[in-house]
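Shared between the two complexes below is subunit A, which has subunit B as its partner in the first and subunit C in the second.
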Partner chain A sequence: MKRSLKELFREWDADRFDLSVSGSVPQKERPSPLPPERYDVIPELEETIMRRFHRVVPVLTFLLGLTLSLFLIMTVLELPAFGSSDSPVFNEVFTRYVQDGTEETGAVNTVAGVILDYRAFDTLGETHVLYTALVAVLILLLGFEKTDPGIRTPGYEVIRQDPVLTTCAKLVIPCVVIYGLYIICNGHLGPGGGFCGGTVIGSALILAALAFGFDSVERFVNYRTIRVVLVIALCFYSLSKGYSFFCGANGIESGIRPGTPGRIFSAGLILPLNAAVGVVVSCTMYSLYSVFRRGRL
Partner chain B sequence: MSFASFNFPLFSIILALVCSAVSSVLRRKAARILSLCLCLTVAVLSFTLCSVCVRMGGRMDFLMGHYPHPWGNELRFGPLEPFFAGMFSLIMLLSILGGEQQLLRDLPMQRQNYYYVMTDLILVSILALCYSNDLFTGYVFIEICTISSCGILMIREIDRTTLASVRYMIFSLIGSGLFLLGLILLYGITGHLLMPNLLDSVRSVWASGGYRLPLLSSAALITIGLGVKSGLFPFHYWMPDTYGAATASSSAILSGLVSKGYIFFLIKIVHRVFGVEMFYASGIANILFVLGLAGMVVGSVYAMREENIFRMIAFSSAAQIGYIYMGIGISPQLGITACMFHMLAHAVTKPMLFLSAAQLQSCTGKRTVKELRGSARKHPLAGAVFIVGSLSMIGFPATMGFVCKYYFAVAAFAASAGRMIPALIILALSTCLNAVYFGRSIISVLTPGTDADLRRVRVRDNVPFAVSGIMLSALNLLWGLNPKFLYNLIDLGRELL
Partner chain C sequence: MMYFELLLLGLLVICGITTCLSKNLLTSLIIFMAYSVIMSVIWALLEAPDLAVTEAAVGAGVSSLLLFLTLRKLKSIQRKEEENEKKP
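Moving on, here comes the complex of A and B:
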C-alpha cells in the first residue's frame, strides 16, 4: 500500500508511524523485551481539532520560515564583508597565530598548529565526536554472531572476480595508502593532517573490501583489531595531550620541544597526534562502511 | 593541597575520556564497575575542588595548554562549577546504580558495554560544559552529548525508542544548528571564541550601537538553540517519548543531567559572554520568562491527561524546565539563584521518580497510573521513594521542591509588578496542577490493590536500587530541611560566575 508523504507525516505526528513502512528493506528482527504498547487514546473532539490544526500547519510553517529567513538575511547583510581587512576577525588572535605560530608550535602549517596546539582541547573533543558516532552506529546496527544477520544489504557477499577491478585495485591501493600516510606525516609541514589522511586510508580499506570481498580484508582488519587499535589511539591521544595540558597549566617543563620547523620530526606532539587522529578516522570510515553494508565489522 | 586540587577538572575530563575508550573493549560487568568508579572519583575530586574554591573565595583560570586567552583553550571555575560537576556525577552514579535491573532486562547482552561508553561520554561532555571557558569547546562537547544521549536512548531496542530517538535527534540537531549559527555570527562580529574576550567585545559593540542586529540574533539563536535541546516549552515535544520509552537509567540521566548541563552552559553564557546587562536589556529574558510560564502550565496540563506513568513524569519535566527558564527570566540575581536551586532540586528528584516508577512497574508488570494500584504495598521502598519524589515535585514542605518554589516566590516579589503578578499566579496554578496529577499517582500506588498474589519485594532483593533510592531521598530531604548552606553556596558561585 502506498501512502502519501502527508499521510505518513500525520501518522508520525500522531505516534502511529509504522516503522516497517518501506517494505523492501528487510528489517532486523530482534525480540522486543516488552509487548508493543499503545499509549495514547485521542478523544474524538481533539481529533477534529487536530485535523483542522494540521490544515493550517503548512501555511504557518511557511510563514515562520519566511520570517526567519528574512531576519537572518538582514543579519548577514549587516555583518562585516567577507575578507575585508577591517573586519573584527583580524585581531590579535589572528596576528599571533600567523606571525608566531611556526616559532611557538614548530608547525609550518599554521592550521595544524592551531588545532593541535593552541586549541588542542577542541580537537581532542572533535576526535571523540567521531568515536561517539561510531559507537552509536555500532549500538544501532551491529549484529554479533555470524548467524545474526544484522541490517545488511542483500548481495554484499557476492564477490565478482572482475579482473579489471581487482587488477586496478591491486595497483591503486598501495599508492592510496602511501599517499594517506604522506598526508598524515606531512600534516605539520603543509596542507594535510590526521583527519584528511585518515579519510584517504579509510577509502583504501573500503576499496579493498569492494574489490576482494570483506573476508580478505577481515584477515587483517576485523572487529577485534579495530577495537584495540581505536582504544590505543584514543588513550594515547587523551593521555599525551593531558600530560601536555598539565605541564602547560602548572608551568612545568614538559620536555616537548617545537624542534626545527620544516623537519619531519619537529613540532612536538603534533606528528604523533596526527597519527592518532589518522588511525581513529580511518577506522571509523571503514567501520561505518562495513556496518552499514553488512551489519557487522 | 590547594595547588594540586586546581588540576582536578583536567584530571576528571581526561580520566573520563580514557574510561570511555577503554570501556569499548571491556565486558559488561567490568565496564559497569569502571563507569561507577569513574563517577565516584569525579564526584570526590569535584567536591574537594569546590571546598577549596569556597575557602579561597575566588575563581581561577586554568590553561588547557601553554597559551592564555584569547589564544588557547581554557577552563574557568569558581565554587559553582565544581559543585555542579560533582552533583551531576553523583546523580549519574546513583542513576546507573538504581536502574541495573532494567538495564539487564532492556539491553541486548553483547552490547551492554557500549551503554557505559555512552554514559562516560555524557559525563565528559557535562564536565566540559561546566568548566569550559571557551564557547567553541562548549559546542564540540554539545555534539558529543547529543550523539551519546541518542545512544543511551536507542540502545533499548523496541520500536518506540527508535521513533523517539529519531525525534530527539531531529530536535537536538536543530538546537545544535541554531547554537552553531549564533556562535558563527558572534565570531564574525567579535573575532573571539574565549569567553572573557567575548564579554569585552560584546560590551564595546553593545555600547557603540554597531552590529545591533547580528548581536541580537546571535544571542537569540544561542538561547533558543540551548532551549530546544533542554526542552523549553514549544520545543518540549520530544520529551514524553524520549523519557517515557528509554530504560530507567537513561530516562534519569537524560532528564536529570543532560538537560541541566545545557541550561548550566546557557547561564554561563548569559554571565560570561553576553553579560547580564545586555542580555536583560535585549528582551531575550522576557521571551524566556513568557515561554517558561507557558511551559509550566502546558506541561502540567499534558501530564494530567497522561495515563502512562513514565510519560506523565516526562511531561512534568517539561513543566519543571519551564520553572527554570521562568527563573532566568525574572531577574538576574535572585531569579537565577532560584533557577539554579531548582536545577539541583529537579536533578535530584527526577531520577528518584523514574527509578522508583520503573521498580513499581517491574513488580506489577503494569505501567498506567490506574493499574499501578497498590504497587507501593508490594514494593514499599520504591513506593516510599516515589512518594518523596512526588511530594518534592508538588512542593511539599521539607523537600527541595518546596524550597525552590519559595525562592521563586521571593524572586518574584523582588521583581517589577509586571513580572511579579504573572509569576506568582502561574506558580500557584502550576503547583495546584502538580498536586493534582502527582497526588493522583500517590493515592493510586497506596490504595490496596486487587491482585493479592503478587510477591512482596524486599529491600535485599535489589540492593543497588535501595542504595540509590535512599541516597537520593536523603539528599532531597537534607537540602529541603536545611537549604541555607546550598543557597549561600549558589549565591556566592553566581556572583563569581
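Moving on, here comes the complex of A and C:
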C-alpha cells in the first residue's frame, strides 16, 4: 500500500512511527495502528540490492573523507606562517585598523571596532540570519501543534523539583547573568561582545527553565516580551547601521562623539549595538530551546 | 605548554573520530560535547577568549542540548519514568 510523504510525516509526528536507532523501544510492544504488511513491503530483490548498497557505502565514505582531508592538510601546509610579514592579510587595511582604529571608533578593543563600526553591515546580516533561523524553526515546529492538538505526550511540563539541581541553579544563575552582562558591556573595552554575552545569558535562561520549570521563567520572558524585545533590537540595529545599504561603505557622519577611549560610556554606538545583538542572541537561544522542548514559545 | 597543546590536539582528533564511530547516538553526543570543551580551551590558548566563551556556551551548551531534545523527539532516549512504566 502506498502512502504519501505527508501522511508518513503526520504518522511520525503523532508518535506512531518508530525511528529508534538504539532500539530502546521494542517494536512489538507498541500498539501499531498500521496494518502489518507495512513492514514487509520491500521485496527480496530490493532487499539484496539494499544490503549490497550498505556494504559499499562505508568504503566510499571513507575514501571520500580521506581525499577531502588530504586536500585540507595540503592547503594548511601551503599557508604562510602565523604572524609572518609576507602573509596576504598584512596589508594597508590591517595597518589602518591597528593605527587609527581606537581613534576613529573610540573602542579600545579593535575587534569590536571592526565588527560593529567598520563592518557593522556584516553583523547586521548575521543578526538577521539568527532571527530567520528562529522564524524557520517556529514555522516548522509550531505548525503541527495547531492541526493536531493531541499529539504531544502528556506530562512534559511537570516540574521535577530536583533538590541538587534547584540549589545549584539558584547559586549559579545570578553569577552567569552578571557575567553575560559584563561581557556585553565590556565589548568595546576587552574581548567579548554581543554574541558571547548573549549566548551566556541565553544559557542562563535555559538553566532556569530546566531547574524551575517554564512557568517561573515565563513570568518575565514569555512570547510577548520575546517578540517585542526582538523586534525593537532588530529595528534599532537596522535603523542605525542599515544606511550602508544605500550609501556604500563610506558611512554617514553620525554626530555621536567617540568619547574617551577606555570608559564604559564611550565608543559611540558600539555599546548599544552590542546590547542589541546580545538581546537578539539570548532571546533566540531561549526560544529555540523552548520550541524544541515543548512545541511552543 | 607545547606538550599540553599537543595533548589537547590529540584529544581533539580522538574525540572527532570516536564521535563518528560510536554506535550509540547518546554516547556520540556526549563525546561531541567533550570535543567542544577541548576546542574552547584551545581557543583560550590561542589568545581568543571571546571565541572560547562562545564555543563553550554554544558548542558545549546550547547546540548539544538541542541535539539531546531532538534525540528525545526521535525516541532514541527516554525518560526514566517511562522506562520504569514499561518494565512491569
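As a working rule, the second predicted complex is superposed on the first by the 188 of 297 C-alpha atoms of A that agree within 3 Å, B and C clash if a C-alpha of one lies under 4 Å from a C-alpha of the other, contacts with A are read in each partner's own complex, and residues count from 1 in each chain.
In the analysis below, a residue touches a chain if its C-beta (ideal position, glycine included) is under 8 Å from a C-beta of that chain, and two chains touch if they have at least 3 such contacts.
A quick note: this is a predicted structure, and the numbers were derived from the prediction, not measured.
S.K.: Does the superposition put A:183 against subunit B (first), subunit C (second), both, or neither?
M.R.: The second partner, subunit C, only.
S.K.: So, does A:58 touch the first partner subunit B, the second partner subunit C, both, or neither?
M.R.: The answer is neither, since A:58 touches no partner chain.
S.K.: Once the structures are superposed on A, label A:288 by its partner contacts, choosing first (subunit B), second (subunit C), both or neither.
M.R.: Second partner only.
S.K.: Kindly classify A:93 by the partners it touches after superposition: subunit B alone (first), subunit C alone (second), both, or neither?
M.R.: first
S.K.: For A:174, decide between first (touching subunit B), second (touching subunit C), both and neither.
M.R.: neither
S.K.: After superposition on the shared chain, which partner residues are touched by A:125: those of subunit B (first), subunit C (second), both, or neither?
M.R.: After superposing on A, A:125 lies in contact with subunit B but is clear of subunit C.
S.K.: Does subunit B (first) or subunit C (second) touch A:244, or do both, or does neither?
M.R.: first
S.K.: Per the overlay, which chain contacts more subunit A residues, subunit B or subunit C?
M.R.: B
S.K.: State which residues of subunit A lie in both footprints, the one left by subunit B and the one left by subunit C.
M.R.: Overlap of subunit B and subunit C footprints on subunit A: residues 15, 19.
S.K.: For a test of understanding, state which residues of subunit B touch subunit A in their complex under the given definition.
M.R.: 6-7, 10-11, 14, 17-18, 20-22, 24-25, 62-67, 70-73, 105-106, 108, 110-111, 114, 117-118, 121, 124, 128, 134, 136-137, 140-141, 143-144, 147-148, 150-151, 154-160, 162-163, 181, 185, 187-192, 201, 211-214, 217, 241, 244, 307-308, 311, 367
S.K.: Touching residues of subunit C toward subunit A in the complex: what are they?
M.R.: 23-26, 48-50, 53-54, 57-58, 61-62, 65-66, 69-70, 73-78, 83, 86
S.K.: Using the touch definition up top, name the residues of subunit A that touch subunit C in the complex.
M.R.: The contact residues of subunit A facing subunit C are 15, 18-22, 24-25, 29, 111, 183, 191-193, 195-196, 199-200, 202-203, 206, 285, 288-289, 292-293.
S.K.: Under the definition above, what is the set of subunit A residues touching subunit B in their complex?
M.R.: On the subunit A side, the touching residues are 12, 15, 17, 19, 30, 32-34, 36-37, 39, 71-72, 74-75, 78-80, 87-94, 96-97, 104, 117-122, 124-126, 128-129, 131-133, 135-136, 138-140, 142, 144, 227-228, 230-231, 234-235, 238-239, 241-242, 244-250.
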